[in-house]
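Two complexes follow with chain A in common, the first pairing it with chain B and the second with chain C.
Right, the complex of A and B next:
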């Protein structure tokens, strides 16, 4: 198979919350398949019996003391907010809570 | 209709009682003006890095311990990816592969004895921002974004609405008494989602997740509603897909929500910004050793002290009262102490909408007054007369009694009163001598009336019996 299915492309588009035109769906069926084939090559790498690497550093996570630090001023927060109502950030209605 | 078996699994989110958030040092305060407790980490600004709150790990461990879980000593966090306005960095930091606790259990009381509800896992994560929805838009408050949570996931071990309610009540009690969370459902610091399915066989049918249930009793209502709804569909030979519904407390019904990402769609992967966290055996044992006294231990102490079952449950329902009472274990009569706290003291606090700590009732005063009641130096009527002074004035109990001119009556004075009462009630004296035990109660009442409640009732009883039996 050299292409993904139409449904698979639409599913990935839904997860990224983007709409695709018909010609784009066709284009991505090929491009995404190529991408996945490349990722599959990782499977050929020798599987070392080592602990999973989750971070580039080899020490444990430093823990932070539970004491309050400086917070952002309300006005500063709202500077980057395009729409607001009262003190709230306003966004298009979220049906899918 | 009755040959269907209900199966319920529950997910509970409980906010942890920390001062700051899970991955940032902004304040974890409920009830502040919207969007005033945030920083760049909570708002998901690019280039920011999370730092792990030590206390949140500590409270997560406590929760895992009281739920009898095995502890993942070598744990890390994962990113759960989804694209949604309640989480602007587009992933939630959670624990997918190495939850802090696994394979635990909670015991609930059922008609058939104790039942074990298995805990699949308990993991630590950050809360999303709070959203309020209207038809036209959604409003977001990022004060809640990043608040530390534990999510507690059961196996599908409950078979009725009643069992689910019992499980939640028990869980709430465990978390509350371990000082993990304040578990206020009405404030959203404890939230429940239920997975409900019904089946005529042992094979589980399609499950429905019900979210947004605002109280423990409504969990029962929602489960019963789902049972009936699903059975009605099967009876009509209809099937349905796995779905998420929300509970609507206005109609007491569940309403279909749109389908959200599940399972693989979240593309979990280890959070690269937070290296491993190792919990040492010493740390785990130290935490276990220092767990606050559980509700169950408290129940046993109170029952052993002779407090009635009803009052024990009333005390357990009110953590403040229980903590207060515990200060006096082994020092005073706990039955009298609990009667005061649940009776006159509670009535006073309700009347003036006050908390115990807002009053002038010191530990010393409480101890003294309970001892005086216990020895009969004062009676409950006197206590009622002086309670306002006890709660409002700095004076000691002795000073308050003196101000009210309440003195314990001297023995001579008491004997004189008893003599008078006996002389004026010869019929009752005769009745008593003829074996009518009730007559002594009448005589007691007359004496207490004459003494205006100032006599020590224990002393009155002794003296009266002595004089009657002469």
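Right, the complex of A and C next:
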């Protein structure tokens, strides 16, 4: 198989929350299959130790002191918000029923 | 036009200190060079007005450190308060950070002057800087060649002598690989050495900021001011402050060096291999021992990187949803459409591919099949390197398998951007420090790099070896051939 099915492409696009047009679905059917073949090579790795490396640093990560730090101003934070009303971030309806 | 920016940082410091020049002389010269070389497309955003203003302000302050008044360029995935930070993506085309990355605070404390934000692969995903929404930068050694990536703009602006210093970031070779293609020195420090706070996250367990410079000494000097524990990044380490230049100039006789057989296998072009073999001969002549060894699982590193980096990226890039900042699709019918169309229009194909595959990797049972197993093998690679470093001081190889390729060459293979980094990715898997040092030129007069891998937190020792080789080779690394720009 040199391509994924259309449904498989739409499934991964949905997981990643990316809309795809028809021509993109066709393009990614081939490209994603190639990358999935690449990652499948992990299945061929034998005789490995099951201990996992989660982070390359092995020092402790102690929690910070629980004290008040510098606060950001509402006005500053809202500067980059695409749609807002006062101090609120605007979003479209969540359930379109 | 003056040519102050061809001088070393130490010479510039003396001139500034003795008031023979002012910071504004350097800033004006940098912008003059950038303007004359704008076709190289090294920068996404210039900081001209602010830089000139700051240079004037510095005239009233005492020159109190080596980097006072020195211009620097910053990769465009490092947050700069009030200065646009795009990650070379449409989705952040108009994003202006409201805080500084910790490295930017450190640069500002030293009164360095940021001239602009450099071009790169979109979200640092790529190996040629061609995935930039703002079009690719060009290689100063040959306009028709790629710079490498993802820190391509940073590499090109230092190589082209537009600025003396730049910052890059390296997740799977993104400092070292473009440094090799552009003929500069690039260091990816040990993971945890430099704070990642304010670096837009790609793959958090690998991302690391590092210096990109014209020579080894200036690289070590710049790393001196970048590193240190940061309470805002719990993966940063609290190593005692050290001077990374302290071993520069020392003899390397008796040092034990290993070359993984994989790094000189037929994945490397014969031309690059020949250059590398000349370095091996030099090291042996100077009294080092060089052994060829095997590092277990090293040939699996690209696969691991694909799984882990794409997996981590899919989570990290979930924040770009059109709600809080960045591009936002207009008039969506509901929240789902806002997400999906914002990301469809905002991201380029390389990013889309990686986050789609990354989401797949982390979904359901796949997390065990791919992600958990990759973390297991990653631990084994780290242990293999640790075992080698019990016996050897350094591990070396070429940085890249070939010289820089044609900028117009199109590859239909989505694996290409990973395979370009095949020799540098293993370092990110282990969290080790890696440095690329120019080691010569190909027949097309394109630079190629030597990759020096050190043990954890042994950057100072790496600079010793690198500076020794640099001094022996005496390469002319100015692509202008010594002519005025």
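As a convention for this text, the second predicted complex is superposed on the first by the 92 of 97 C-alpha atoms of A that agree within 3 Å, B and C clash if a C-alpha of one lies under 4 Å from a C-alpha of the other, contacts with A are read in each partner's own complex, and residues count from 1 in each chain.
Simple rule for what comes next: a contact is a pair of C-beta atoms (placed from the backbone, for glycine too) under 8 Å apart; a residue touches a chain by one contact, two chains touch by 3 or more.
What you see is a predicted model, and the numbers here were worked out from it, not measured in a lab.
Set against each other, chain B and chain C touch different numbers of residues in chain A, with C touching more.
In the superposition on chain A, contact is made by A:66 with chain B only, not with chain C. In the overlay built on the shared chain, the residue A:74 is in contact with chain B alone; chain C does not reach it. By the document's definition of touching, of the two partners only chain C reaches A:20; chain B does not.
Once the two complexes are overlaid on the shared chain, A:87 sits against chain B while remaining clear of chain C. Contact with both chain B and chain C is seen for A:54 once the two complexes are overlaid on the shared chain. In the superposition on chain A, A:7 makes contact with neither chain B nor chain C.
Put simply, chain A uses residues 15-17, 52, 54-57, 59, 61-62, 64, 72, 77, 83, 89, 91-96 to touch chain B in one complex and chain C in the other. Within the complex formed with chain C, the residues of chain A that make contact are 12-13, 15-21, 24, 27-28, 31-32, 34-36, 38-39, 41-43, 45, 48-57, 59, 61-62, 64, 72, 76-77, 79-83, 89, 91-96. Those residues of chain B lying in contact with chain A across their complex are 18-20, 24-27, 33-40, 43, 51-57, 76, 83-86, 131-142, 211-212, 246, 257-261, 265, 270-278.
Chain C makes touch with chain A in their complex at residues 95-96, 98-99, 191-192, 205-206, 231, 234-235, 237-238, 297, 300, 302-304, 306-307, 310, 314, 318, 321-328, 332-341, 343-344, 347, 349, 352-353, 355-361, 363, 369-370, 372-380, 382-383, 413-415, 418, 430-431.
Against chain B, the residues of chain A that register as touching in their complex are 15-17, 52, 54-72, 74, 77-78, 83, 85-97.
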